[in-house]
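You will see two complexes here that share chain A, one where it goes with chain B and one where it goes with chain C.
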Partner chain A sequence: MIVNWLAHDHRRGDSPIHRLPAWSKLGVGLVLITGSVAVPPLWHGWFIGVGLVLGLVTVLSQLPLLFLLKRLLLLSPFVFGVALVNAFQPGAVMEWRFLVLRSFLCLLTVVLVSNTTPFSHVLRVLRAVRMPTLLITTLALMHRYLFVLVEEAGRMQRARASRSFVPNRSARWQTLATVASQLFVRASERAERIYDAMCARGWK
Partner chain B sequence: MKPVIEVNHLSCTYHDGTRALCEVSFQVAEGECVGLLGPNGSGKSTLLLHLNGLLPEQPTSDGAVRIHGQPVTDTNLLEVRRQVGLLFQDPDDQLFCATVAEDVAFGPVQLGLRGAALEERIDHCLARVGLTGFGHRATHHLSHGEKRRACLAGVLACEPSVLVLDEPTSDLDPRGRREFKALLREIPATKLIATHDLEMVVELCSRVIILDQGRVVAQGPTADLLGDEPLMLAHGLERPHILQHRHPHVLRPGPTA
Partner chain C sequence: MHIPDGFIDVKTAAATAAMSAAGVGLALARVRRDLPPRRVPLLGLSAAFVFAAQMLNFPVVGGTSGHLMGSALVAALLGPAAAMVVMTAVLIVQCFLFADGGVTALGANVFNMALLGTAGGYLAYALLSRWVRGPAGRVTAVAFAGWFSVVLASIGCAGQLAWSGTVSWLPAFTAMAGIHTLIGIGEGLISALVFAAVARTRPDLVGGSQSSQLSGSGWWLCGLVVALGLAIFVAPFACPWPDGLESVAARLGFEHAARQSGPGALAPDYALPGVDWPPGATALAGMLGVLMVFGLAWWLGRVLVPDTKSSAASSPPLS
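On to the complex of A and B.
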């Protein structure tokens, strides 16, 4: 179930990496990602260095490898899509390989930082660096209700499955569309109720 | 006694033409605990939203709803919301922050509380609802009962003088219901509880208001109304089990239990 892939808060570990302050992890993560995107492909030393750092962090963080691979797999379709387009460009064989390498390092950094830092700590850092409040509120609400929406979709999916007796591909797509539209309507109505709940406690 | 909530000829029609409330009038005195009963769709939740100034979208100054004698208008909306704590029916609507502590702090932060005073308020409110040590927990990983209590802590953190609760014990298991009722009993604020939990009404409320199709069809002492089986059945309710096994004279709950 996709919600299990998203639920990193359950993995509240107590490794040395988990104990590091959020700002340091975000800072180092930002440097690694910016560097991996910006350095020329010939700087092999950089990529090897970043690879070693991320390998060390992976070991120290005590995150299960299978879990990390699942997370990477979840995020990789975008990377593979871009790499695939690049692969068919004339004379771009090396380029797509580097593109995959850069993306892999960036994704691994993101996965490691996000799974060793509670989201509320990330928001605290963003607040400290004076990111606009509206953006922080949007991020906080998105993170909070992502789980509610996924669970709601799961319940609707189960309800659909329990009354789907005949395998029919077109009917299945039709029902899926109905579920998606219902989910949209419910999310919109929930958004209104959440806004009311915020106003009820003095939101201006 | 001084009325804290006054509703006079309140009517409400939704955009789609549904008449939700029609000439609703009642009062709730200071310290009273009143039950708001009625079948599904009778207008209970709509009525509660009016008491917090969330409906109508553009508050009027006609004085249809008065809190502590003041009509709910655009100018005093924030003060009304500070005075009236509203507990929503679905805890997931109300717990919109990432952690329990952040959610409890939401109201006090809006009121300008910061630093040690804020921390103290959070700890106090969590302790009050029996959630000491839950501050760091993610709100989406709480059980339903814990979510309910976290919601109540968030409401209490604004120190309201009136508590308006929308089906506070729905979806709770018997132990959760019992614990939540005990919590409510300890809160001295004026309370208006919309619910289908008639046993809770018998235990906590001295008076009930019955709403049906947007109209107040009856209001009076709990034992009198809930013991009137034809009235209850006529409005989609039933005589609570607890009344059938007690001597009617024993059942006279205090003004606020």
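On to the complex of A and C.
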């Protein structure tokens, strides 16, 4: 189930890569990704270099290979879709194989960076580069309650399933909407409680 | 619809990033001015809600399943500027934390889903709920706005892919708009159901007058985003059709279809590009589609919101 998959957290691991400061990982990741997007397809050297660096990071970070593979495959339907349209297009501007290779390298970079860096460290970097405070507050609260709400949605669906028979088609839509609307109502009630708690702790 | 890295070239990435930064900056300034401090945590919680709701899959035809995008629903619940901030937060977290959508494509994704989808969905919602009165009218408006926001965002996505030269405009547009016309029906349906259910359990959450009435700056913010998005990413392809597209269209069989059905049959050689062939037929089909979706949305509004007199007796039970 997707909830378990989300809860599986490798960010708090302890490896040479995990211990690097967040800004260096984000910076290097950004350089690798923008470089791969900007460099013309014929610069084989660049892509081989990026591949080697990512391979080294993968080994050093001690992330399970199966986990990385699953992440990459799960995220690629769009890649394959566009590549398919591109492959059957006469006189395509770009080789579809190159498209797939390039986006896989970028994807692997993001997966590696995001699984070795706690999100709070990312937020600290974003604050240092002057992202507006309101957006950072929103991001921090969202990250804090993301897993709580995902779990709550799962609980509501289990509760619904244990109380009723297998729903027919139209009832499925209705129950889905009921779960989602309840989720929104509970989220906004929780937001009010959080505001009171924040005020009680001197938030301004 | 999340564009991954590598599908957007540098020029498009830079342009969309600049436009998204400007748009989100405007939305943030407006939220900071209008939103009472009490509702600031609601932004973060709504973003978490959108993320969680996007995990609930609904069935689309043929065994595939789609999921909620949520732009129009959040815009109807919280107002346009707050919804833009919420959707931006969702996209940033999806990009950095779950690698869903590329880093260099973040600007493009924010532009399509957080700005274009939200602004378009909100405009549709505000106009329709003014036009079709009452609570049923608002559900109708949300249903239509959900469909509209998904289709608009997918067209923006196709435009950016074509701008980057990854795929050419016509196949990109046909594939994206075609698929998302269907997915959009699911989005509209689920948005309307959720909106109606929230209105039934906590009318105060949706009764907020500021979300259903457009103030002056809301109009120009939303109008500007939609107009700019269409002008920059769609107009260059829609008006002067590049030569290469005609051969692609002929090969894909559009030429044949257009000769048979559209008013374009009157002009056998493409003397007036942009007026006679696919655009004519596409526009006609588009109009019919929009009317059909509106009819569905109107029917949904009638079904979901019973007359006020009998509503206490016949409202469906909450499971």
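Operating definition for what follows: the second predicted complex is superposed on the first by the 176 of 204 C-alpha atoms of A that agree within 3 Å, B and C clash if a C-alpha of one lies under 4 Å from a C-alpha of the other, contacts with A are read in each partner's own complex, and residues count from 1 in each chain.
Quick note on the criterion: a residue touches a chain if its C-beta (ideal position, glycine included) is under 8 Å from a C-beta of that chain, and two chains touch if they have at least 3 such contacts.
These figures come from a predicted structure and were not determined experimentally.
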Partner chain in contact with A:R190 - chain B first, chain C second, else both or neither: both
First (chain B), second (chain C), both or neither touched by A:A128: neither
Which partner reaches more residues of chain A (counting touched residues only), chain B or chain C: C
Touching partner for A:S120 - first (chain B), second (chain C), both, neither: first
Partner chain(s) touched by A:L73 [first = chain B, second = chain C, both, neither]: neither
First (chain B), second (chain C), both or neither touched by A:M198: both
Partner chain in contact with A:L52 - chain B first, chain C second, else both or neither: neither
Which of chain B and chain C A:A153 touches, first, second, both or neither: second
Which superposed partner A:L141 touches (first chain B, second chain C, both, neither): both
Shared chain A surface residues [contacts with chain B and with chain C]: 119, 140-141, 143-145, 148, 190, 194, 198
List of chain B residues in touch with chain A within their complex: 49, 52, 54, 78, 81-82, 85-86, 88, 90, 92-99, 102, 106-107, 110-111, 138-141, 154-155, 158
Touching residues on chain C, where the partner in the complex is chain A: 1-10, 13, 24-25, 28, 31-32, 37-49, 51-53, 55-56, 58-59, 68, 77, 85-86, 88-90, 92-93, 95-100, 102-104, 161, 165-168, 171-172, 175, 189-190, 193-198, 201-202, 205, 244, 247-248, 251, 316, 318-319
Residues on chain A engaged by chain B in the complex (per definition of touch): 9-10, 118-120, 123, 140-141, 143-145, 147-148, 190, 193-194, 196-204
For the chain A and chain C complex, residues of the former touching the latter: 2, 29-30, 33-34, 36-38, 71, 75-76, 78-79, 82, 85-86, 89-94, 99, 102-103, 105-107, 110-111, 114, 119, 122, 132, 134-135, 137-146, 148-150, 152-153, 157, 160, 163-164, 169, 172-185, 187-188, 190-192, 194-195, 198
